[in-house]
Each structure stands twice: as structure tokens, then as C-alpha cells.
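One chain, chain A, appears in both complexes that follow, with chain B as partner in the first and chain C in the second.
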Partner chain A sequence: MREETAVGIGAPPAISLKHVSKTFGGVHALDDVSFEIAQGEVHCLAGENGCGKSTLIKIITGVYQPDAGLVAEYFGESVASMTPNDARRRGIAVIWQDLALFPEMTVAENIAFETLVGGRPRLFSFGKIRAIAQKALASLEVEIDLEERLGRLPIAQRQIVAIARALVSDARLIFMDEPTASLTQSETNALLAVVRRLSARGVSVVFVSHRLAEVLDIATRVTVLRDGKLVGVYPTEGMTQSRLTELMTGTRFDTAVAARDTANNAPVLEVRGLTRRGEFSDIGFVLREGEVLGLTGLIGAGRTELGHTLFGMTRPDAGTIALDGRVLHLKSNRDAVEAGIAYVSEDRLALGLVQPQSIADNLVLPVLGKISNRAGLISRAARDDLVRHWLTELAIKIGHPSDPVATLSGGNQQRVVLAKWLATEPKVLILDSPTVGVDVGARAGIFRIVRKLAESGLAILMISDEVPEVYFNADRILHMAAGRIVGEYDPRKFELPDLEAAVYG
Partner chain B sequence: MTRAISWLRKSYGDDVLGLLAFLCVVIVGFSLATPRFLTFANFDSMAFQLPVLGLLTLAMLAPIISGGLNLAIIYTANMSGLTLAWILNINGGVEAGPAAFALGVVAALAVGTFAGLVMGLIVAYVGAHPILVSLAMMIFLRGLGEFLTRGGDISGFPEYLRPIGHGVFLGIPVPMLLFLAVALIWHVLLRRARHGFAVYMIGSNIAATTYSGVHSRRTLTLIYTLSGFICALAGILMLTRFNSVRVGHGEALLLVTVLACFLGGVDPFGGFGRVVPVVIALFILQVLSSGLNLLGANQHLSTAVWGLFLIAVMVIRYLVANQRIFGKGKGT
Partner chain C sequence: MARFFRASPTESRLLLVLIAICVFLSFASDSFFTLVNFTSLLNNSAINLIWAMGLLVVLIAGGIDISFAVAASVVQYVCVYAFDAIGGGNWAIGVVLAAGLGMGLGFINATLIHVFRIISIVVTIATFNAFFGLLMFLSSGRFLYNLPDWWTRRILIFEYQTADGTWAELTLPVAVMFAAVLATWVLINRTTVGRQLYAFGDNPEGARRVGVNVAAMQFIAFGWMGAMAGIGGLMQANIVQEVVPNALIGRELDVLAAVVLGGARLGGGRGSVLGCFLGVLLVAITQNGLNLLGVSPFAFKMVVGGIILVAISMSNLDFGTRARHRPGDDREETA
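Take a look at the complex of A and B:
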């Protein structure tokens, strides 16, 4: 199978690996997987966490050695073993999700880093660094202030810096691990444009991404792995998101609209004329019992800011928030929690969970009052009961409740976040981007929980910038742009593409 | 015995067992080295020496767990002692009555608590780094104290204060009882109470803790306030132990308290640490120092041994942690 690329038909593949296996302590991380990328191709490596994606990348870059030795061709040259240095010399670069850049150094220093270190100690000139960086950025057709400290740039631009750094060391094949995980839609589009330019210059790019829409948009072919085995290599032409999800997880998922008619349910949360200068203005909506209300819009539309105000983290300048007909005056988020409002933050790593602490302690953090006696002493028995109850309720698969929460997968972490808020017995649950960094299979699990909660009467406000997510899971959708609600949609009466067009513009 | 060990292991982990084992090793070692170690007189003197350092270490412990530090502990203690001395002095010095002493203790505790409260408020509400805030407080208190005392000693206190610093109750030195009582309360507060629970979470991630509906700022303020209160207790104890007050007294203990915390397995980045192992670490330090002293070693040498000891513990912890990781890797 040959794809049409900038390099053209007949050029040897950038990389070709045959029948690679790798075991760790008896567990097959990779089981007889073959992998090929054409020069200049944009390829996608898809699969759930633990399917072997990282292992495959680490074998290609020489970090791991396959069990039975390497049988591979790198740019047409047979290779029998590989080391990280050798891989780098052959033009293979990996941009891991954490980017591995230096936040305290300038953009120019970050880009030219590899020419600064390595080799014999020598003096370097700032002029030369600037020139190298300038050239790399110009080739990507982007402009970033070379003197800015990297740590001050938004993540999207740091991503570009990481790509530029790879180009400086003459990369011909770049692996990008979840490059768009924390980017907004417009930033993602800009990144995809850069990837297309790389491809046009003959640089191959392998995308590892959870976001299937963009995978299908950018890649020409997709390699799907599941449990360390190769499921297959498919052209993206004609591939759908639901088919790809099936291939990755091995199970079928409903992507039917789940919306129900909730117009006659009793109102729970009523928001009127809510305004906070510089963030959002004149927000009004009613959230009903048992309803999943989707709130979508681009990042910067004021969705998260609205969520913060509803949760009592910030004070509105005007307008009212009423719960069960009673107007709330929230002075802190503790007031909101006590009134019955819970908020699942979009930033699970930094705000949702206290990562180094235990699963049990994270779970009881918002409900310390419930498990302590009048003297303020926590009852261990009450704590263990509560933890056991919620771990069972949400089917959280863990080793032990005393393990640090950081050891859990994204999906299980998100379940712990849900559990800790459900333990407060809220009337209103605000979910801010509930599936960020969660596997496709695990996402379906999260949405099943959301659906079950709604059916038990909980009122849910679901904030997300992924339109399909709200389209398939909400009963009603509000569209927010520039701090205002600009439209309301019923998923049963609108097609997804129309809604996407309205939101993404 | 095995039951006791498995209970300790379950409740406190291998670290406490390791520290206890080490304590035994040093005690046995010194007992073999000198016949004067395993004597009542020696243990008695250790039990009188430890509590001042012990109280100051407890005052350092909670701020470290909360992700901060309290560099002002010594001068907060000095300032509290100074307050008590001043009130005793204007009420007749050696002649001062119990009422004056009671008033002085209340005032001393108030001064220490207030110093802690101010630091807590600034750390929690201004968001300044605890190192800077407590450093500023330390320098302020030192300057103020030296100004008020002109660098001299204040002494001459009533005779009835002696039992507090030198007395024995039920066979245990009074200062030791005071220290153990505070350690127990501190242990319960940190491990069982809501505020204590929040201190650990704040130490790991204050933003996420606040998002969970915890009044993090209130808790942080409380922790520094209580730290100040314990400093005041230490200050009062120092006054009765040494029968004099001088600003700068115990200055060398500041970093020793930090050392004791780290020996006791407290995470320097906050979020983890317990009272029990820290108390054991304090006993180890005291035994090392007293034992070396009995062997006729110079006081400075025992300081050097403390430093070496901390380095050794860090290396051992690293090796144990890594061995555990490798062990797990093989298993799965």
C-alpha cells in the first residue's frame, strides 16, 4: 500500500517495523506488531491507554529493545538495533505531552537548545541562537517573540516551540503525543496547519491523540492498537468516529442522541441577568430536575468563568442565582457546596484532585463535616464506609484506597472526582469538560454515570468545548460566545454539523 | 512482640520501625561504649534537655506539612519568655506572686499566639511565601527583643517556678510531661481533626483543596497561630529551665528543628509527615548528643554527627524506596 505524499511514490518508507514484540515481566506490552509510515505522511497511532502506543514509540526511538531483536528499516536503511542517540541522528524526534522544554529559558534558547549543549564545550553567541530559532519558526510560518520566557507562553505556543526545536535538529519523523489535549479549537486548527506544512516538506508526523475528530481530519492513515496487538491499519477516508472508537475499544458505543424532554420538570437552578464584568454578561437560564443541560462554546467564551461564579468562587456584579426558588448569596464555594452545588473542575490535575494524596482522603475532602463528630474529630469507620460506598457505586477499579490518586488512570481519576462531589449530595452538578484526558472507552463510562445521575433527578450543567460531547449527551444545549448566551438548541431537532458550524464558526 | 511490630508497621509504616530500630542501635551502642550511659542520671538529664527542642520542633512541624516553614520559632519563644520575665520583674522579680506569674503566662502565650496569627494571616491572605513572611517576623522580633533588653539577660525569678523546669512528677520530669502532652494533642489534631486533615491536603495542593470547599486560608492561619502558641510554651519552659531570658537564646536550635522534622520523614515539600516519627527522631538526636558528650566528645562534634546522620537516613530511604520499586517491577 502506497500513499501519495509530498515525497512521492517510490520513496522508501520513513519507518518500517516488522513483527515487534515486547514483554514486561510476562505481560505483553506489544504482541507481534508491524508498523509503517511513509515519508511526509501524517499518520495516527490510536488506542486506549495501555494499548502499547508508548511502548511502540519507545522501541522506534531506541529506548526499549524488542524481545526478539529489531527488524526494521529507517528511511530505507536496514537497522538491527537502535539507541536513542542513533534514532535522533537519523532524524526521529518525539514531542511528549509534557514537552520537556525549559520554562525559565527564552523561546530562542529553547529552540536552539540542542546546538547549545552536546559536543565540545564552547562559547555560543546569542545572535546565532536567535538566527537558528528565527529560521525554524519562519519555516513553520508562525511568529513568536524570541525573547519571551517560555513559561509565559500559552501551551499552544509552547507546542510550536517544541516542534521548532525538533526541526532544528533536522527531524524527518516527529511523534506528537496528545499534542492538542489542552488546546482550544482555534489553537488546534493552528497546530494542524503547522502539521500540514511539515508534511508538505516531506516530514512525517505521527499523531497520538484521544480526539478522534482531529485525527480523522489530519491523518491519511490510522494504525489502531488494542491490548498490545495490532487491530489494523486503515485509511481515514470514509472512517467515522464511532467506527474508530469501536476498533480501539472492541465494543460498540451508542452515538445516538440521548436527549429527553425535560421541559416539564421542576426548575432547580434559576439564573437571571448574571453578569461579571470582563467575563460574562446577562446570563439567564433554567436548569431543571433530572436535566442534563449542555453549555458549549469556544474557550474564552466565559463558560468556566460562569461555572466559577455559580460555584461561589467569584462574586457576580449583577443578577441572581436561585436554587429551588431561593436566591443564593454565595460568599465562598463552601456556601455553594452547602447549598447543594458541586463543581467538577476542567483541570483535574491541578484543581480537581490533590494528586499526591490518597484516593480515600481525596474522596472525603469536601464532606469532612459528615464524617466527623461534634468535637471536629474524624471517625475512621465513617470515612471507610463512605469511601467503600462510593468506590462501589461508581465502579472505581483501584488497588487500595490508601494509594495516591495520581496512580489512577484519567478515567478512574475522573470517577473519584465525581464520587467526591456526589458524596456532598448535591442538587446541581456542574461538570466542566468532564472528559479531558480520559480514554474513549472510559468516556462512555463517565457519560453512563452522568445519565444515571440525571435519571435519579440530579440537575446537571455540562460544560464542554467538544460539541459532539454535549450533542450526544445533553438534553438541551446552550451556546455561549463572548460572555453571552447566543443560542439554545434541542439535539433532537438539529444535526451535529449544523451545531458545530454555529459554535466553531 | 511480633504483634506489636505488625501493628506499628500497619499504623506507621516501615519508617517508624526503622527509626525505632536505629534508636535501639544507638542506645545499645552507647551503653557498650560507656557504663555511664545506661544510668538513671543520664536518662534523667536527657529527659530534661529534650523538651525545649521538642516543643520547638512541633512548632516547626505543622507549617512544614502545610507546605511552608516557620523561621521565627526561636524569637517567638524568646519574645514570649521576655513578656513573662517583664511581668514578673515589674511585680517584684524574685518576690512576684503566683497571680503575677499567671498573668505573665497568659501574656506570654498571647504574644506568641499573636506573632503566629500575624504570620498566618499574611501567608494565607496576602499569599506571600512562608519563608519570607517568617524570616521577616524573625528579624522583626529579634530586633525588637534586642532593643528592649539592650542585648542583656533578664533573670531573678520566684523560687516556686523551679519545679516547672526542674521538677519531677510521677517519676517523669515535668518538662517531658509538658512536651509529651503537647505532642499528643498535636498528633490528634493533625491526624484526626478536620483542620489537621486539611493541613495535609493544603500542603500538597492548596488550590485543589480550596476548590473542594475547604476554608484553606482559615486553616493556614490557624496552623501558624498554633505554631506561635507552642513557641510561647517553649519560651516559658526555657525561662524556667535556665532561670533567665535572653534574646537569641536557643538560636542554634532553629535548624535542628528542621533537621528533626526531616529525620522524622516529613516531606520538605509539604503534604506528608507525622508527629510520632518526628518524636522518635528527636529522641535519637538527644541520645546521640548525650552519648557523645559522655564519651567526652566536643559539643561541636555531636552537631557534625547529627548532620551525617541526616545524610545517612536520606540515602537509606532512597535505597529502600528504589528497592521497593524494583521489587514491584519484578512481581508484575
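Take a look at the complex of A and C:
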């Protein structure tokens, strides 16, 4: 089912690869995939983790060689093999997710670094470096202090620096790997504006992104890969998020609103007038038994800060938190865990899991007391029972509980974090951005678990800056802006675009 | 000026502390704020400064070197025998030979680090022991006094008789030190190689991806360190007029402490010639001041240790506020 469209530009395509296959140890990473990008086109490469996106990029940039040799054209020239240097010389640049920048060096040096590499060692002038960097930034219509240390810039500006660096090396085709993964909505918009400017100048941009909304917003065509095979190339016009998800995963997802009426359930968590100076003020809400309460708003609205206070990690300046009608005085998150509040952090890679440790050890970390015998030593049998219970409960697919957590996929890691906190048998579960870095397919699995937990009576506060996520999965939605709750919505009574307009402004 | 303070917080802070100490010592001791004292301070710091320049480059490139002081002793020994064999030699041959030998020893470190992918601290602790063991074994701990005349002759590059009749003098090692400082400054600030060294120390994987020759970086950094070690060794023998196998061992930690005090980061990517210079001087002036004030020399190391701890904690507090911020917090500044 290929619905190829040609973008109406007379020039030859930026690149065109035919029938690329690549196997690693008998596994088809790519199976007969053809790929073409027009000059100046903004294209999206979509697919779940492990679908072959990175392999394809690495073949285009000469890092890998395809099995049967390369049959390709780069800017109208036939190419039979490719090396990373050759690709760079021909104007192909990749901006990886980690950006590969130098935080201790200045913005100017980061942008113009390419001019400092290669050739014989020689003297250079800072003036020239600055001029080159200035020119690159000006062409993006962005202003950043050239003398600033890169490490002091927010992620969004570092992203721009990485793009400017690609321009300095005369890139005509830029791959961007998950460029918006850690950006706020307004920063994303600024980045997309830069991408449009690049495109207008004839530079092709290939987006690799999990966020389907922006993919559809910016790209003219989308190439979908699944399990190393080409599913098809589609125009984005008329494409919907749910259809794209379907193409990527090969399964249909229910995107009906899941909200139920929970207004008559018993209140579990009651928050009144909660204020923490500079972070949020006068927060009041009731979270009921079996309810999924969505908390959305732009990054910086104070959502995560509120989560931290509810979990006892920071002290409020005013207001009360009551659990089951009893006011809590949380001095630390240990108190919160004791009281029955669990918090799954946004940055689960850094804060939620001890990556090199085993799945089992990670899972039992907050409940070591529970599985210890009277001498204070950990009982292996108790640990294994607990681990087995939660692995089955959350359908975590793993080789063995003793494998390091780092070997799991994003979705499964998220489940291990969930299991870890559920093992504390909480009454309230706070989920902060539960799907950051998780595949579309795996997201659905996580929300199924969330729903199941709610149905078993757990009260869940789900924090997310992706409005559709809360819209489809929460029973009720609170909108937070500038530290205050500014609106409450019932997903059954509102359309998604209205809610998005309210939040994203 | 304001720009300097913003761009170089470590250096400006060091400078302020240094000035404060100097002002204090000027009032506390009659003999501190004198030309004679300053020239002798420079004479006594020259060797450490030469080594510090080498070590700075290694630290910027993300490495560390424990072996350089012992390597300098090895160079001294080989030089004595080599000059004897060629029937004397002169300064030109001496500098080339010492720098070359030191560089060779540095290349041994670089090879081990690059080819066998061993971290530099482990490699240089090993070569520190190997160099020193070999030296003691082959020399049987013998002192050497048969140095050629040109090597041990005191050469003054500056002399001035003060009003009270004493002489303020600067010796050859000070001139060599200034040359080393200048050369290192040019290397790391004005050449493409220097910026690649910073980049490599800052983000090795990122540097590799933009096409920096990673092997070359290790060899340049440790080669430079080795050359400085050799030249420093040559100059040290010029001052003491003898070669003693265990004369230099232990100096590596003093120099390392001073360089780190000067703002170079263990872990790479940060450090400046000015900071390094000020760091070594701060330690030297503190020692000098304690001597003039009649404080027991045993207290000296303790005081220097304290200064380093305070300085490092301050710089960590300074950027700790940023480091503790998770990426999410950064975003809020612009959201």
C-alpha cells in the first residue's frame, strides 16, 4: 500500500536510496527499503524503536554499508559507497539526540568547530570564528550570545546551536533525531520555525520524532518503517495521528475518551490552598478513589514542583495536604511513602532507576524493610515472590529478573518503575510524564495499566504536558498555568482541539 | 574588566584572593613586599610553573599525569650520561634532548592510554612506579655531580642592586618558564589543536564525531606534558647543580594541587594558563608568607590543603547550583 507523492520541485532529489537491506547476525534490521527526500523538503521518518530508523540514517551517512552495496543518488550524483567523511562532504549532517556539543566552550566555538578540525595544526582567529557563527545564527534568524558558555544555555538553544553548526559545514540535508524530546511547546514552535526557514532555503530536513502532532504539523511527507520494512510513504495532508500510529504499530488503538464518572467516589487526597513561593500558589483539588486525575499545562507551570511537594520532597509555605481525611505533615518523601503516596518521576532514567542494577533489585528498593527478616537481612525468597508478582501483574517482558535494568526498552523500564512504587502499596500514585521516551505502542500498554490500577481503587494523579495523553486517559483534567490551577475539564464534555487551544494558547 | 570577571570567574576570584594575601603579608612582614622577595619567589616557582603548563594541557584534554616528576628525574639521569658520552654538549642540545626524552616518556603514557584504553590515572600511577623503580635500580640511588659546566652555571637574566645593598636577580629557569607559559598559551588558545584539546576533554565522543583525531589528542597532550617535564628537569638540575634520583618525587602532587586550584577541571575541558599561573603563585606566596611570618614549615602543607579545599568547594558551589538543576529546570528560564 504505497501512496507515493512527488514533491513538486524540479531539482533532483536530495537523496534517493533503492532497495536497501541490512542484516545484523541474521536479523533483518532493514529489508528492501527505498527512501527518497526532495531538496528543501521537510520529511518525517516515523516508526517505533527498533524499526530500523537509526540503521537507515547510519547507512545514508556511511556508518554502515548495506548488504548488497549501495544504490543511491546524492544530490543527483550516483553513489556506490559511502563513508562518514564522504557523507559530510556531500552535505549530509545528523544532529543526534545528545547533540555532541561542547558545554565548556563558547557558543561561537561550538558552531564554528568544524573549521577548527582537519588540515594541519594552525593558528586561527577568534574574530573569524565569531563571524562564521554569527552568520549561521543570522541565517536562522536567531540571536544567541556568542561568548556564552554553551553549558549555560537551555536545551532548546543548544539545539539551535547544533543546527547552526550543521549549516556551517554546508549541510544540505539535516537529520534531526528526536529534536523536540525535551523542549516545551513554545520552544518546539521556535524550533519548527527554524526548520521552516531551512526548508525555504532549500535545505532538506528529516525529522525523527515520537511526537506525532508536530510531525504532521511540519513535514510534507512521512516515511513509515516497521520491523525493518517500509510500510509506505504518505503525504501528511489528511493524515491523522491515530492513522499514523496504526501504520507504525500495525495495530489499531482505541483513542476513545476513557473518562468515567468518579464524582461520587470517596475522596482520598484533599489539597487546600497549597502554596510554595515562586513555584505554585493556592492549589486546591480533591482526588478520589479509583480516579485518574490529569494535571496538564506547559512546562514551567509548576506541575512537577507540585508533584514534589505532594510527595514530601519540598515543604509548602502554606496550605494543607490531607489523605483519607487526615492532614499530613510530610517532612520527607519517606513520610510520604509511609503515608501511602507514591511518585513516579519524570526523569526515570536518572532518578527512577539504578540503571546498572538488576530489575529485581530496582523493584524492591523502596520496600526493603518489607522483605527483610527480623535480623534485618533481605530474604531472597520474599524478594523473588514480590518481583514475580509484579512482573506478571504489569506484563513486563524480560529475560530474567537479574538482568540489569539498562537492558530493557523504555516502555518496560517505565513498568519497572511503576512496579517498584506499586510494591509500596500506595493509596495515591503520582505519575509525572509517564510516557516520555516511550514508544507509541508501549504507551498504550502503560495507559492500560494505569486504567486497571484505577479500577482497582487506586487514586492516580497523572502529570503530563501532552494534552492528548490526559484527554484520552484521565477522568478529569486540571489545567495549570503560572503556578495556579486555571481550569478544570471533563474530557467527555470537551473536544480535544478546544482543550489544546486552552493549554497551548 | 566586568567582562573578564564574567568570562573568567575562577581566575578573577584567584586574583582577588592573591591580592588580598599580598596586601595582608605586606603589612604583616617587612620583607614581603620587596623586589628581592619577589624575584626569589619567581626563581623558586619556575620549575613548578613549567610542569604546571604541561599538566594543564593534560587536564584540559581530560587526562591526568602522576608520573611527570619522576619522568623528569629519568630525563636528568639520561642527560648526564648522554652529555658525558658526547663530550659536553650545550644548552641547545640540552633543551632538545631533555624535551625529546620527556616527550618520549609522555608518548609511552599516551600509547598505553590510547591503545589499551586504560584510564590515565591508572596508567600514570603504573608508569610512575615503573619509571621510579627502574631509575633507583639502575642508578643504585647514586647522586650525580659530574654535570657539564654549562649546565650548572648560574645565568642571570636580570639583576638589580637594591638600596640596602642586596641583589634582586632572576635566573635562566625564569626565562624558560616564561617561554613555556607563552608557548602553552599559544598552543591552547590560538591554535586549532588547542581548541580540539578542549573539545576532546569536554566531550570525547562529540569530538570524535566532528572529526577530531582522538589518538593525536592523547599524544599531543602527554607529549607536551613530557616535554615540559624534561625541560623542567633540566632547569631543576641547573638550580641545584646535582642530580638526585629521588629529588623530584612527590612534587607531582604539589603541582597537581596548584593546577586544580587554578581552575583546571579533573575531567577535562576547563582550565586556563592564567588560572594555572595564579594557582601556582598562590601556593608559592602562601608558603613564602608563612615562612616570613615564622610559622612552622610543618603547618605549611596543612594550610595549602585547606586553601585548595576551600577553593574547590567554592567553585563547586558556584556551578553546583546549575549542575543540580535537572534539564527540566533549565527550560523554565525560557518558558
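Criterion: the second predicted complex is superposed on the first by the 497 of 505 C-alpha atoms of A that agree within 3 Å, B and C clash if a C-alpha of one lies under 4 Å from a C-alpha of the other, contacts with A are read in each partner's own complex, and residues count from 1 in each chain.
In this section, a residue touches a chain if its C-beta (ideal position, glycine included) is under 8 Å from a C-beta of that chain, and two chains touch if they have at least 3 such contacts.
Note that the structure is predicted; figures quoted are calculated from it, not measured.
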item: Dominant toucher of chain A (residue count), chain B or chain C; value: C
item: Touched partner set for A:E291, first chain B, second chain C, both or neither; value: neither
item: Which of chain B and chain C A:L183 touches, first, second, both or neither; value: second
item: Partner chain(s) touched by A:N85 [first = chain B, second = chain C, both, neither]; value: second
item: First (chain B), second (chain C), both or neither touched by A:E41; value: neither
item: Touched partner set for A:D475, first chain B, second chain C, both or neither; value: neither
item: Common ground on chain A, meaning residues reached by chain C in one complex and by chain B in the other; value: 350-351
item: Touching residues on chain B, where the partner in the complex is chain A; value: 188, 192-195, 197-198, 200-201, 204-205, 207-215, 271-272, 329-332
item: Touching residues on chain A, where the partner in the complex is chain C; value: 85, 88, 96, 98-105, 109, 113-114, 116-119, 121-124, 147, 151-152, 154-157, 182-184, 186-187, 298-300, 304, 346-347, 350-351
item: Chain A partner contacts - residues on chain C that touch it in the complex; value: 7, 186, 190-193, 195-196, 198-199, 201-203, 205-207, 209-212, 265, 269-270, 322, 326-328, 330-335
item: Residue numbers on chain A that touch chain B, as the complex places them; value: 24-25, 27, 313, 332-334, 336-337, 343, 345, 350-357, 361, 365-366, 368-369, 372, 376-378, 420, 424
